[in-house]
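First chain A sits with chain B, and in the next complex the same chain sits with chain C.
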Partner chain A sequence: MKKRISDSIRRVDAFDKAGGITKYISDMDFEDLQYGRLVRALRSHARIKSIKSPKLPDGYYFITKDDIPTGGKNEIQQISNDWPVFVKDEVLFYGETVGMLVGPDRQKILDLEDAISIEYEELEEAFSIDEGLALKSGKIYGEDNCYGDYHLNKGDVKKGFAEAVTVFEEEINTGYQEHVYMEPQGLVGYYENGKYVIIASSQCPFYIKKAISPVLNTDQDNIVIKQATTGGAFGGKEHFPDIIAAPLAVAVDVIRKPIQVVFDRKEDLSFTAKRHPSRGIFRTGLDAKGNIVAMDVDVTINAGAYMSCSNIVLQRAIFSINSVYDIANVHVHGRSVATNAFPSDAFRGFGAPQGLFLAEMHMSHIARNLGISPVEYKRRYFMKKGDTTITNGIMHDEVKLEEMLEKVYAAGSIEEKLAEYTPGSGRGIGISFYQHGAGFTGNGEQEIIKAKLKMLKHGDGNVEILLSNVEMGQGLQTTFPKIAAQVLEIPIEMISCDNPDTSKVPNSGPTVASRSLMVVGKLVERASRELKERWDEDEEVEVLVNYIHPEGCEWDQATLQGDAYPTYGWGVCAIEVEVDPATAEVETKGIWTAHDVGVAIDEMIVHGQVNGGVIQALGYGSLEKLDYKDGKFQQNTLADYIIPTSMDFPMMSSQLIENPYENGPFGAKGLGELVFDGGASAFADAVEYAIGKKVYKIPVTPEYIMEVKNRD
Partner chain B sequence: MVKTFHPRTLEEALKIRKDEKAIPLAGGTDLMVRFRSWAGTQPDFPWPVMFINHLSEIRYIDIQPKEIRIGAGATLSEVEQCSEVPKVLRTAVSQMAAPALRNLGTVAGNICNASPAGDTISVLYALNARVELTSLHGARQISIMEFISGPGRKDLGDDEIMTAVMIPIESFTHTLYRKVGTRKANALSKLSFCGLAKIKAGRIDDIRLSFGAVGPTVVRSVETEKKLIGLSIEKLKELYSEIRPDYVAMVQPIDDQRSTAVYRKQVSLNLLDQYIESLTMES
Partner chain C sequence: MTEIAFVLNNKKISVEAEGATRLLDILREDLGLTAVKEGCGEGECGACSVLKDGLLVNSCMVPIGTVAGCSIETLEGLRNSDEGRCIIDAFADSGAVQCGFCTPGMVMASIALLRVNAHPTIDEIKVGLSGNLCRCTGYDMIIKGVQLASERGEGIW
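Right, the complex of A and B next:
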């Protein structure tokens, strides 16, 4: 009997990873390996007057912008190309790359680093969103320091406000978050057979290739990116490896020896991109019965000194600002603001966790003001199939939130507990609802990515899947072959899906946006079906498939109107807490979740994602305080940047709802980010209930709870 | 290049200490972190380093009639698992770091690190612990309160090694240790509180109150405690509000990357109130 696709199997990489057999960047041996260390400008905004470096011993190099090959550009080709390889004249953030020291002995490199002196002319600095908007440090970007400035209109917000009896206004904020992937950033570069080779711990090998090609002034064909087994990424290795790869490539061009650049933890915490802090200012009009008749939201995110992917993050944040609710009349103004802060970048959820947190808290606050239970109030506005989305698209999904809520209530005996605990009693339950648009925004897959995938049947009957998506802990090297095995009806052991090498695999796109399993997995399914049909054609059979855009999914990127996403994952999360009256420490007593991920390709892997995602979100919501002061992240060790341990949260109950999506393999939808989207607001909501007062920001630390309790 | 020594005996260690000014390293759980350097390079120690954790002469826990002697080489895990060690200290130790670190770290090292947030220190202050400091000239003993004078500052001669920690054997009727850490495990303290009291026939025979991480050193005032000793529980209820301001004045925490001064102060006083209330309730 054929097994269900969802039945769990042992992960392909489990044994080697658990056994310490797998080799990561730092474990790899190279002959005559050199070490590279970034030399940084330790000012947030300054003009460099001079750089004095000591006389370098033989075999040591101080690579700077003067070493960029003839015709090469001092700019990294990302979505934008504003981020330079090496500081041009003006330093825009603390830690910006000035050069790279390279040599065989790391202690000597440290000594040389100490001997480099940089003279600065200090300039005015802007760190907060408001300072950026006020041009406190001048124009960092354009005329107004807004990388992106968008408006969304749904219904008629003016007419809505005219019907309002009361208008409720409030401001809610979210903080920075650090990825804390287990393996810090690391790359090795070398020159071989006329090609620049970079071995990278990354999510997007093809991004790196594109990023450094103009720097080296060489065709992309002369650059090879080899994916190293990657010890976690969470978005932190989506664009950031480009920032290291560019100076590394220049160094390789000069030195022509293998060079390793691996950040240690402190360097990684101090000098890599974080999640965008966000602010939402809500103005919501209510009629006499407390119904929402209009909502006007101003969303800003702190993007930092260079654009990177901030505008796409902003788009997701504003598309999420109504959470799972159908609000009739809405206006959203979104801006991604340039500041002299470290550039913010991709992080699991990509703006959605910020937008959803702001939205969920605001909805809970309206309900609490009206004296209605937040759950009851939110249910009135649940999005249904056929409803209009915030971008005036159509909700094509069957929305099963009611069924999911019922499952969560039953698992956690929520009804009984809510009846027992009174607000302010020290015990509370918080419930959040969330959705995550799976895959790229709008028609990005069709217009930009154009994914391709190859499958090969070899003479011995073994099958190879060639694609560019990477295993970074989420299980793709198990789930892709599993899909193929299910279709081909051959054992999974006969199918391989190795770390990509850009000279060998077609570009199936980056490993981002919860797209890999859904979009690329669908290509695996289609290619497998074709291969199965052509199986006996020849000894060796090659199948190449291209992405096909789902029908009825219309999008206009210029106006941000239409179906922002082809489908959505859905979630409900309930958290029970108890707040210590003396210390304001929070004990999380229970976690109950239900998720609609279409169909699970492997239940154990999905549960792993749910567990990891929810706990990471609870860290974001409760512990992971990251202050930015005088241009520096203050919590730059793992003793001070506090991520949860297994002791901090209890076992969680997680349930799945089947709701197949026809354009995903076997009905699967994206889920890696969805599972991060609801933990923070459920936690904050639970604390509000327990202390009987409103919270307006995350992380909800004991310090903040104490402050809130002392309010009034 | 860090010069390292691996003495075979305590006497050899004392000689190296005197001649080379080498810093004694037992578990290294603080030192190796403090002087860490780029991966692949040696730790950035400003002095030579001398390993001492293998010296059997200091690796013991000795239960004597009037006191417990914890050798400087005894690990935190050994202290945690020794049933004769006062429960309150074992509780504090069990909440430190993580099991692997407790298998390496020592109580003596925690004291010599002299951090106001050192988790054994607030408890040892309350327990009236003494430390033994040994040089080639012999050993001297001083109270832990005299030993530590500020963050990282201590009365340790450059020819001395801390060889033991002595804890008087006493019994208390009311003990409370509370660590408020940055999370539930492997956490540094935002603050800690230790309360020990002996209440006999409705009267306070003895009381000790100490606060960690709320000043340059652990805060404990024998003077203020004297005001409490001898009071009946009835009197304590009456006079506590007059004595409490002493602690309001003494607890002077700072804002840092782990917590805020406001929080530390309020929680310290909340825990003090809670502890004092527990004395009045159970009597």
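Right, the complex of A and C next:
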């Protein structure tokens, strides 16, 4: 009998990784390798008056904007091109790249770095969302410092407020979060056979190629990006490698030797992009029975000094601001605000964790004000198939939240515990509900990416899958071949899916947005079916497939109206905590989850994602305090930026609900981000229950709990 | 520079180095032992874990000068041993490996634990792995991997 696709197999990369055989970027050998180190402007807003470099010893270089090849641009081509390779004249954030020191000895480079002096004319700085909006440091972007400024309207919010008996207002905030991929950022560049080659620990090889082509003033065909096995990324290697690749490419153009840039941990924590901090100001109208009749939300995110992907993060944040609930009358105002902070960027969830945290806490707070259990109150508003989404699209999914909630309750004996623990007793249970639009927001897939994928059958019967999505821990080098093996009915050992090299693979798009398995995996399934039909056609058979957009999924990018996502993953997370009455330290006693990921392509891999995502979210909600002061991240070692260890949380219960999605391979939906979306609010909700007071921000640290407990 | 003699993976070797040079750099750069990873360089993450006279240490915190006369074991020396094979297989079968960057250190920590406690409880495993950070797995499957290795590896530690 054919095995179920969901039955777990051993990951193809596990053995070599566990044995330390797999080579990461810093493990690779190159002849005559040089080392590069970014030289940074250590001001948040200033004009550079002069840069003085000492006389460099032979073989050492200080690469600056003057080294950009003729006709090349001092701008990195991302979604926007505002982020320069090297500071133009005005420094806009602390740590912006001024140049790159390159040479054969790393210690010598550090000594030379100390000898470079930069003279500045200091300018006014704006760090917070409010300072950015008030143009405290002038116009960083446009006329109003808003990279994006959107309004969403569902129903009739005015009419809704007219029916309101009470209006409940509150502000909720989320903080920065650092990715802490265990392998820091790293790239190697060299020049070979007339081509610029960059080997990168990255999520999106084709993004790098596009980013540096205008800098080098060369055709993209002259640039080759090879992905190195990537030691974790979580969004932190989506766009940020572009920022390193651009000056590296300029250095390679000048020096023509292999150059390695690998950040040390302190540099990585201090000078890479983080998750956007966010603020939600809610004004919600309730009728006499406590029903929501209107909701008006103002959402702002701190985007920092350059645009990067902030507008798309903002879109996902505002599209998530009603969580899993169908609220009849809603207005949302969303803005991504330019400040002199380090540019914020992609991080697992991409705005959804912020929007969902704000939404879940607000709904819990309304319920608690009304004296109703948050779960009972939230259930009234569960989105159902056919309901209208916040962008006036249609919920095409069968929504199985009730079934999931039941499973979580049974696994955690939640009913009994809730009956036993009283609010304020020091023990509490928090429950969050969440959804994640799987795949790109809006028109990204059909209008921008247009994914292509190739499969080859060789003479010996072995099959090669050629695509640009990367293995970064989430298991794609196992799940893609597994899909093909299931269709082709051949052993998975006969199918390879190597780290992409842009000179060899078609562009199947970036490894982002929980799209890879669902969208590209579908292409693998389709290509495999075609290959199976044509198997005997010839010794070698090549199949090329293109993305097909699902029918009935319409979107208007100009108005942000329609089906923002083709489908959604769903989750329920329950957390039990005990808060120490003296120290306010929180012990997490239990974690129970249920997720609808369509169909699991491999249950063990899915449970691994659930476990890792939930724990990372619990770090976000409880431990990972990242302060930003005077333009600098205040925590820049792993001794003071605290991520979860094996001791911090109990082992968890993870259940899956099957709910096949017709446009995903074997019914699979995206899940890598979904599993991050509920941990923080469930934790905060549990703490609220335990201490009998409301919390308004994450991380919920013992210090913050003390503050809340002392509040009237 | 001084000559420092020690035992590396059961073979006597000597290196010429400044005494303050990190053991991590000697292993990775001079000796090419890249199973030893640098995750933080500050003794927090455990990716560079090795055994020094049988004890788990972060090689980024060990000056080579203090290694003279000691025995150092790295994953290169253990991955083909009964112990190494048992843990690597158990990790692979338990889903303990995702991005893999922390995994060599986790394997070393597991060997160090099982050598002194062949049948650890979950809490003892958690303590044994507490000096090694992982950002992908949430730890459950690594803990299960150690349990599985403990079950399978009767008498090998």
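Structure notes:
Just so we're on the same page, the second predicted complex is superposed on the first by the 712 of 712 C-alpha atoms of A that agree within 3 Å, B and C clash if a C-alpha of one lies under 4 Å from a C-alpha of the other, contacts with A are read in each partner's own complex, and residues count from 1 in each chain.
The working rule: contacts are C-beta pairs under 8 Å (C-beta built on N, C-alpha and C of every residue); 3 or more make two chains touch, one makes a residue touch a chain.
Here the structure is a predicted model, which means the values were calculated and not measured.
Look at A:Met647: by the touch rule set out above, it reaches both chain B and chain C.
By the touch criterion defined above, A:Asp264 reaches both chain B and chain C. Of the two partner chains, chain B is the only one that A:Gln634 touches; chain C does not reach it. In the superposition on chain A, A:Arg380 contacts neither chain B nor chain C. In the superposition on chain A, contact of A:Thr229 is made with chain C only, not with chain B.
In the superposition on chain A, A:Pro702 contacts chain B only, with no contact to chain C. In the superposition on chain A, A:Gln616 makes contact with chain C only, not with chain B.
Legend: residue contacts after superposition of the two complexes on their common chain; A:Gly473 is shown touching chain C, with no touch to chain B.
In the superposed model, A:His458 lies in contact with neither chain B nor chain C.
Set side by side, chain B and chain C differ in how many residues of chain A they touch, and the one touching more is C.
Common to the chain B-facing and chain C-facing surfaces of chain A are residues 26, 264, 266, 639, 644-647. Of all the residues in chain A, the ones that touch chain C in their complex are 8, 10-11, 13-15, 17-24, 26-27, 29, 179-184, 229-234, 264-266, 472-475, 604-605, 607-608, 610-616, 637-639, 643-647, 649, 651-652. Listing the residues of chain C that touch chain A in their complex gives 28, 32, 34-42, 44-45, 47, 75-76, 79, 84, 87-89, 91-93, 95-104, 107, 122, 125-127, 129-130, 132-143. In the complex of the two chains, the chain B residues touching chain A come out as 33, 36-42, 178, 180, 182-188, 257-260, 262-263, 266-267, 270-271, 273-274.
Taken in their complex, chain A has these residues touching chain B: 26, 35, 37, 106-107, 109-110, 262, 264, 266, 581-585, 623, 627, 634-635, 639-640, 642, 644-648, 702-703, 706-707, 710.
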